[in-house]
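Think of it as A, B, C and D in the order they're written, each chain with its own count starting at 1.
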Amino acid sequence: MYTLTGLKLKNPTILAAGVLGTTGASLCRVAREGGAGAVVTKSIGPAPKTGHSNPSMVRLDCGFLNAMGLPNPSYPGFLQELEFAKNNSSVPVIASIFGGNPAEFAEVAEGLLSANPDAFELNVSCPHAEGYGAAVGSNPCLVEAVTAAVKDVVNVPVWVKLTPNVADIRSIGTAAESGGADAVVAINTLKGMAIDIESGYPVLGNRSGGLSGKAVKPVAVKCVYDLYTALEIPVIGVGGISSWEDAVEMIMAGAAAVQVGSAVYDRVDIFSEIGAGIEAFLERKGYSDIKKIIGLAHEMV
Amino acid sequence: MLPLNATITQITEESPMVRTFFFDPGFEGLEPGQFVMVWIRGVDEIPMGLSRNNSITVQKVGEATSKLFELKEGDSFGLRGPFGKGFTLPVKGEKILVIAGGVGAAPLSPYAEAAFVAGAEVHTILGARSTGDLLFEGRFDALGKVSVSTDDGSKGVKGFVTDILKSLDVAAYDRIAVCGPEIMMSSVFRLLEERHVLEKAEFSLHRYFKCGIGVCGACCIDQSGLRVCKDGPVFTGVQLIGSELGKYSRDASGRRVKI
Amino acid sequence: MYTLTGLKLKNPTILAAGVLGTTGASLCRVAREGGAGAVVTKSIGPAPKTGHSNPSMVRLDCGFLNAMGLPNPSYPGFLQELEFAKNNSSVPVIASIFGGNPAEFAEVAEGLLSANPDAFELNVSCPHAEGYGAAVGSNPCLVEAVTAAVKDVVNVPVWVKLTPNVADIRSIGTAAESGGADAVVAINTLKGMAIDIESGYPVLGNRSGGLSGKAVKPVAVKCVYDLYTALEIPVIGVGGISSWEDAVEMIMAGAAAVQVGSAVYDRVDIFSEIGAGIEAFLERKGYSDIKKIIGLAHEMV
Amino acid sequence: MLPLNATITQITEESPMVRTFFFDPGFEGLEPGQFVMVWIRGVDEIPMGLSRNNSITVQKVGEATSKLFELKEGDSFGLRGPFGKGFTLPVKGEKILVIAGGVGAAPLSPYAEAAFVAGAEVHTILGARSTGDLLFEGRFDALGKVSVSTDDGSKGVKGFVTDILKSLDVAAYDRIAVCGPEIMMSSVFRLLEERHVLEKAEFSLHRYFKCGIGVCGACCIDQSGLRVCKDGPVFTGVQLIGSELGKYSRDASGRRVKI
């Protein structure tokens, strides 16, 4: 058992927001079959959104590009999914939420409270939803206000998910911490784009979107490394993790736990695989506890 | 992978609202029942079953399909795929029942053909609203027996494919492959469930697809959480027991919508 | 022949700064054997620098990570290399320069003038050199001042090379334009890091560095796309280009020309290959001129 | 690729300042003359020729090599490679001359062995400052004739490898492979140039390496602009005509430094 902001996880791998998180059943499947230590829902907002038109996600040579556009049935519509997940999964279920301002964030959080999510993750980092996500998350004052607003209305841990599309992610992490965040999650996708040269059309329905997967791992490792030096609260690492080696790297950079998104493309049970790989690594190297390697890279000078 | 550029080589009008678009390059090593994501540039990208390794057969229903209907030979669209899990092929000597309703005949026609080539005996139940809507009757005819139903009785049995199915000894078939409107599929499902033959039946489902590659979760079905785009679109009857089939699906926002 | 900020290029492919640009002979080789339409030197500064300790560059699954640390012999030391390049290559030679402030930039530019570089490229974007590069380039006022300072002392075109490690690259591009830049170049590397899990050590001697190669192409395409909408001056696209298809994509995003760096790993004559590929593409699609596809993606709606 | 973890399995003291480090895992399919980048963590990463497919032979000269000398069996370092272009192997029946000075014998020993296995006749000129510094004399001895020179005359000819070379009929050899201090290599180069046999000679050069993979340009030589790390480290004599060899090299900042 592994404790993260008070939540008990059977392993330090967590399903990332927006991936296989639209339905309660899907979240349960990732926990059960996939072996995830916890699961984060699709980001839920104040009003139903159908998201951007397709193509909304494509695979690239290196990584994936997506612009889902935060499709969600709104918090009233999502309650039954969250309840299903809570009732049928044996792992913590974290509700990812978004809004355009502190009041909206608080409204959505309160609206989901009746389903008893184990924590909230605030999406202030989606790069392709106008007025939401990174539009909020690149402004430290707004990040602090949003965090504080949600902390005010809930009694469970609040994680804040950060965007790498800023000059210095530490300032945003610090703002989240000041707002009372229990952890930060880094990173959301990097702004990116692909163009179909046969036609000249941008490939994504939204024209541009967010880069995830293998391509972003070095960026995510650097963000986690930097946040670890700047913050007291735990950093949860996400971005390009598709093997236990990637997870160990992220943990050594300073991640207290990792999230995995795009790599479910390869296999849903990637979580079990990573969890087991980390265990075997700790054993082989004689580390008594995962804590021994969290942030290890900072000590190696 | 990024969408490949597919050039339309031929367009066949199957019925007033259904056309087959042949394209180049085609796919090699297609599993019948697999689908592609068809990108009508500037409009939308939508899933389509492959009716051959180089054709899709499209019913005009809304914006993207209407735009597709405006394209001419020589025009092109983007194509990603083939994706997903197709139907299980029979082995030589097996007897299969193919149940196709409306454009559901599209992914089933290459399946029936592959089954025939594999040496299976193919019996098709082909349903549509009216004679003119019967899709690929000729292709199925060439493979074995075809039982036709039309809603208006303009050809074959008046009624639904289930009306034909009811009268058959389903125990006589080794495999049953089903694709069509969800209402039809759920009737077939219930009937086969009653007859205790779900383990040899396969159903090709439709759900709202976003990514099409098994990551976003838009297409997951209850209670299993299976992804229609990657774990399906073809599921065994057993996988669908107690599922949302015939009850509800989710729209683009993830909201449940009654079937 | 192809004209870019007044320079005549035989094709729109340019060697990127810091790659095979330490010596005059090497620059000539890239022009001659490699087929580049123009070459940019290693970034040159006011004083000799040995750069960071090794490892200073490693290849990743997706792309490359480097932290060279702006090694350079200073402008007096580099003059003979630049002269050699100018005298022995038949293509434009652009001097990449850096400094910690406007005065240093001007000093270096003036110091190299006697070798008659065809243009200057201002490196305000290197992510791993304290006090230089991105430290300057994420501050619009400083970018404008640096650009103006160099424009004041030289009569040749001045290009400004931008960092993607900012919340909005357009504001930096606009600052360069206001300072009098003749073109902007986007992008320099993305902040990134890799850790050796066997030992816990960060792999680079400088601990972190910059990501280049395939991994960053979607980020570069997006930056170029955004800059194209915001600026009047040409945008030169760089980041992850390793084929003519990549180059066409970048051009359709809005690049008037492309630079290629990491892909020399595969082959030095990548420039000829890309140049020929672009030509063949234009011909196949019936475009009379490359200008027809610059920014084409913006028109496809 | 990222550095692999190599564990030191054995350390052999070749002379007071030269040690061979055997490591695990070794490399398969090594081209003799290729090098690796050896990462002494927390210190530096430096190029080293491979003296076997699982060993490097290191002269202690500065910070990184000193740290390496502090490592014990069971310790490990990071390893990237093998990189670069090695020596051209002779074919059966050819006669080769190997000219090795100091630690230059390191990359030449696997070359001479591979040449021997290929069926060539191997003649080695081995030079060093003193008897105790002669590297791999036994390995070369096992392959054929070895002519020794020492600066102090403690063994073989007193003087340099060129003093032996002068007296040989170089026309009798099909290939000549050279590695050693640059001063020595440039003397050999001039001698072979005079005798018009540069086209059959190959030289392994040392320059300051940063990336080691042919991208950064730190190691390029004049006037060709060839990269020692990727186009070399082994070059033919012809490639080096009119080059900077023996004249100057560049330091870590790119400044020219007289040899």
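Things worth noting here:
The rule is simple: a contact is a pair of C-beta atoms (placed from the backbone, for glycine too) under 8 Å apart; a residue touches a chain by one contact, two chains touch by 3 or more.
Since this is a predicted model, take the numbers as computed values, not measurements.
Each chain gets a centre from the mean of its Cα atoms; the one farthest from the centre of chain A is D. Note on chain placement: the centre of chain B and the centre of chain D lie 66 Å apart, centres being C-alpha means.
Chain A and chain D have centres, each the mean of its CA atoms, that are 51 Å apart.
The distance from the centre of chain A to the centre of chain B, with each centre set as the mean of the Cα atoms, comes to 36 Å. One simple way to say how far apart two chains are is to compare their mean CA positions; for chain A and chain C this gives 33 Å.
For chain C, residues touching at least two other chains, in rising order: 60, 194, 199, 201, 300. The multi-chain contact residues of chain D, meaning those touching 2 or more other chains, are 41-42. Viewed as a contact network, the protein chains fit none of the simple shapes, being neither a path, a ring, a star nor fully connected. Contact between chains, using the touch rule, shows up for A-B, A-C, A-D, B-C, C-D. The part of chain C that touches chain A in the complex is made up of residues 60-63, 65, 134, 138, 165-167, 190-195, 197, 199-202, 207-208, 211, 214-219, 221-222, 225, 245, 248-249, 252-253, 281, 293, 296-297, 299-300. On the chain B side of its complex with chain C, the touching residues are 41-42.
Of all the residues in chain C, the ones that touch chain D in their complex are 18-30, 42, 48-51, 53-60, 64, 66, 68, 71-74, 77-78, 80-81, 194, 196, 198-199, 201, 203, 205, 261-262, 264-265. Against chain C, the residues of chain D that register as touching in their complex are 1-3, 5, 37, 39, 41-46, 76, 78, 80, 209-218, 220-227, 250-256. Of all residues in chain C, only 300-301 touch chain B in the complex they form.
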